[in-house]
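Common to both upcoming complexes is chain A, partnered first by chain B, then by chain C.
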Partner chain A sequence: MLWQSVQPMGRVTAQLATGDQGMQWSGPQIWWWIIAVFTVGGAISTVTRRNNIAAVMSLVATFFGLAAMYAMLSAHFLAALQVLVYAGAIMTLFVFVIMVLNRDEAEPWAWSGIFTKIVGVFALVYLVTKVGYHLFGVAAAHPETPPAEFGTVAQVGEVLFTDYLFVFEAVSVLLLIAVVAAVVVARQRGGGGTDDDDASADITTTPAVGHSTGHEDHHS
Partner chain B sequence: MIPIHWFLELAAVLFVVGSLGVILRRNALIMLMGIELQLNAANLTLVAFSRAYHDAHAQAFAFIVIAVAAAEAAVGLAILVGIFRNRRSVNVDELTIMKH
Partner chain C sequence: MGLILLFLIPAAVFTGMAVALVGVIGVAIPWVASHPWGAWAMDPWFQALIKLGLLILLVVMPIASLLTWMERKQSAMMQDRIGPNRAGILGWRGWGIPHFIADAVKMIMKEDFVPAKANRFLFTLAPLMAIIPVFVTFAIVPFGSTVCPDKILQVITDTNQCTNGIGLQTAKMDVGLIFYFAIASLAVYGTTLAGWASYNKWSLLGGLRASSQMMSYEVTMGMAVLGAFMVFGTLEPQAMVYAQGPNPINWGIVKQPLGAILFFTAAMAETKRTPFDIPEGESEVIGYFVEYSGMRFGIFFLAEFIEVVFLSAIMATVFFGGWQVPFLYSDGFHLFGHALQMPHIVVVILQTTAWGMKVIFFCWFQLMVRWTMPRFRPDQLMNLGWKRLLPISIANILITAGVVLAFQAAGSR
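Entry: the complex of A and B
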């Protein structure tokens, strides 16, 4: 309580308005911190791993943490969707592609383009510092517990199929186009026996261990 | 009672981590995962404001963002497979064929 009295008056009232009571944390707040550390740790692990599979598994952990965050925000439908679609479907797609590529990174970081990287990182830090400073002042308009049907499949579905019906249909068409485009882009060229060089070369050179580096030099 | 700006600050931190992955890493797969992190940070912001205003419209929007992210991941990974088949690499520093 002593540290509160030292601060200016507006700061204290702002903290009271958002529900903080000094250093005493309630149970949900402790859970929030545990899940937040889990989520951010998974995210940092994702972008620092050299092994691609380890990165994907860290990303799955991050998505589970985010699903828990959605549940804490009473968005239960989105929490289930996060686990099913993100941690289930999209990450499975990533794992399949990594199994196809099957190559770890020799050096994950390089000095090339360092000026652009420095400018990008500084711009990012400046932007987020500015935005994050103002985020501290955001208070909930309705801090009370939402009604029981908030965030359920019924309520989100009602909004989705009335106000956003056209958007919903457009997204379904977008997904169809994306699936067809993915098949067209990633298919073996020539469709089997009539291809010229690359598809058959893949099949013959992939099992030869140690041949790949020479192949790479040959191409570059 | 958890203040709503805690969730917003967490989303900002996740966005920074994802952006750093996109800017600093050279593996195109890790860059795609960084983009997924950025999209999820935006989704967390949408859901937090949905809870703050007791408004389900933002949750419908987050649903649409998830669907678009699925389409983005499918096309992006297909492009990566195509690039790897031709160039034997997913290192973005070596993909300079459009510079010459």
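Entry: the complex of A and C
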């Protein structure tokens, strides 16, 4: 069923070449190609757009393609979270930051010199040949239907809170550290008083770091 | 009195729609499918398409259009004015109802204006990003129980018994409400892109306000329903409705009163309506869609009303028993030992109508809130979201988890 779509590229192209089943593509295979082209197209568009917002929106499209891939792999919960966390939350913050910074539409630096162009082309060729070599070397996987409960919220939750509990908690601690660090960095940059009434003052006045200790507790 | 009338008119419209909805999905489609030439009618893709299409065309769009009229008429009543009463179809003025048609015609006929330095592609994309997610999310809303096409005139005790029942829900997904949060979070792009692509400082600021507000309240919104997830043991809306049952003592509002209030507040902030209309502020604050005119603006406007309908549908589903009618079981009413048996089709139509009544009630209630409360200041908004609603919702999760655990421990003993 949907599981068939997990075949590596080599098999699909091989079928095309030999022509034995070339015209009898199943629905999932067609969907796989549509989603694959969409995802890769979005990724290419992300790095080639000169407009920051357009690049970010291309990345959002890429995440959508990835979510669709996860859904085809029967990982529905992961697909929903991919859209929720990456497309819905993180990329929104990206757009927010880009809008606040409001940089000019500059030429991407990678196109700036002949040297970088040569390096880039070599890197691209190396990557494509290396990845392609490994992909075409893989034997065709046997499509099998996953069990019915595969990828459900209940099963993911159970695995997450039993087998991978330590990793799960470690990651949450890591995220907590990141949040605390972000607050510390923001405080040092903006000076004291992060009370709400003073939000505008934070942006306009940037006292030296050494002085900030003076009015740390001014508002509290 | 007038306010009650304002509830009754959409309710009457909806009752007709409910009969049509159940009739097409539960009776007409199976009738087509019973013939040899109509086997395509049971194709799952076609079924999903017809369910979502009918739900949007027969329920969502009529209610959303009527809401544009209700909003103005209700505000007029609450402020002791007369309100819209001029537009008419062949002399029929109908308390101003034809105004929504006049509005649509006006918006379509207006000049389609794009600012000179605007990013044309994103400027066009923004209204679509605002309205498509709200349509998609309706796929998870259950608007009735299961129809058994073979036994529509019989009295049946359990809808799970019939062999080829048609569930009155477009997509039964295991991830359920997570899907709603995922898709709804994309609506933020509509507002931010509109603000950015217009090439206007004020609309940019409006877009920033909108995205910060929506991001902040999304957190509380998700946290608020976690309690309901734990109580009902599922994320799937239809399963939640079944878990609540016909007895109102088991409904979400009784088991999760705090969660219901928190969710309603946070979701109202998501719809960006007064008292949370800081991003747009139709009359005073210049919002993200200031450069939009004609139908492009109309789409933002419509998306807002559809969000109102959707929020009402989710409130009804998660906290008010969804399509359950109090004490109406699948074979009829049961109350204090008395029973009133009913044919299956009557029960299903009653349930779908009840769902519509709940949805319309919450739409009406949101309009009441909108014309009662003054607007928040941005800092008050952020204070409320992060320092009050979020801690309360986390406390709600902890308490609910403790209670659920205690009940489970007591049950297993």
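We adopt the following convention: the second predicted complex is superposed on the first by the 141 of 220 C-alpha atoms of A that agree within 3 Å, B and C clash if a C-alpha of one lies under 4 Å from a C-alpha of the other, contacts with A are read in each partner's own complex, and residues count from 1 in each chain.
In the analysis below, contacts are C-beta pairs under 8 Å (C-beta built on N, C-alpha and C of every residue); 3 or more make two chains touch, one makes a residue touch a chain.
Predicted model, so just to flag it, every value in this text is computed and none were measured.
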Exercise for review: Based on the superposed arrangement, let me know which partner A:V153 touches: chain B (first), chain C (second), both, or neither?
Suggested key: second
Check your understanding: Touch check for A:L175: first (chain B), second (chain C), both, or neither?
Key -> first
**Study point:** More chain A residues in contact [chain B versus chain C]
**Key:** B
Point to revise | Partner chain(s) touched by A:M57 [first = chain B, second = chain C, both, neither] | key: second
Check your understanding: Once the shared chain is lined up, is A:V83 touching chain B (first), chain C (second), both, or neither of them?
Key -> second
Check your understanding: Just chain B (first), just chain C (second), both, or neither: which does A:A43 touch?
Key -> first
Practice item. Answer with first, second, both or neither: which of chain B and chain C does A:T92 touch in the superposed model? Key: second
Practice item. Could you say whether A:V138 touches chain B, chain C, both of them, or neither, answering first, second, both or neither? Key: first
Exercise for review: List the residues of chain A that touch chain B in one complex and chain C in the other.
Suggested key: 77, 81, 89, 93, 100, 199
Exercise for review: Quick one: which bits of chain B touch chain A in the complex? Just the residue numbers, please.
Suggested key: 1-10, 12-21, 23-27, 29-30, 32-34, 36-37, 40, 43-44, 47-48, 50-54, 56-57, 59-64, 66-75, 77-82, 84-91, 93-94
Review point. Along chain A, where are the residues that touch chain C in the complex?
Key: 51, 53-54, 57, 60, 76-77, 79-81, 83-84, 87-89, 92-93, 95-96, 99-100, 102, 152-153, 196-197, 199
Review point. Quick one: in the complex, what on chain C touches chain A?
Key: 119, 121-122, 125, 173-175, 178-179, 181-186, 188-189, 192-193, 195-197, 204, 207-208, 211-212, 215, 218, 235, 379, 382-383
**Study point:** Residue ranges of chain A in contact with chain B within the complex
**Key:** 18-20, 26, 28-29, 32, 36, 39-40, 43-44, 46-47, 49, 52, 55-56, 59, 62-63, 66, 69-70, 72-75, 77-78, 81-82, 85-86, 89-90, 93-94, 97-98, 100-101, 103, 105, 107-110, 112-113, 117, 120-121, 124-125, 128, 131-132, 135-143, 146-147, 150-151, 155-156, 158-160, 163-164, 167-168, 171, 174-175, 177-179, 181-183, 185-186, 198-199, 202, 212, 215-216, 219-220
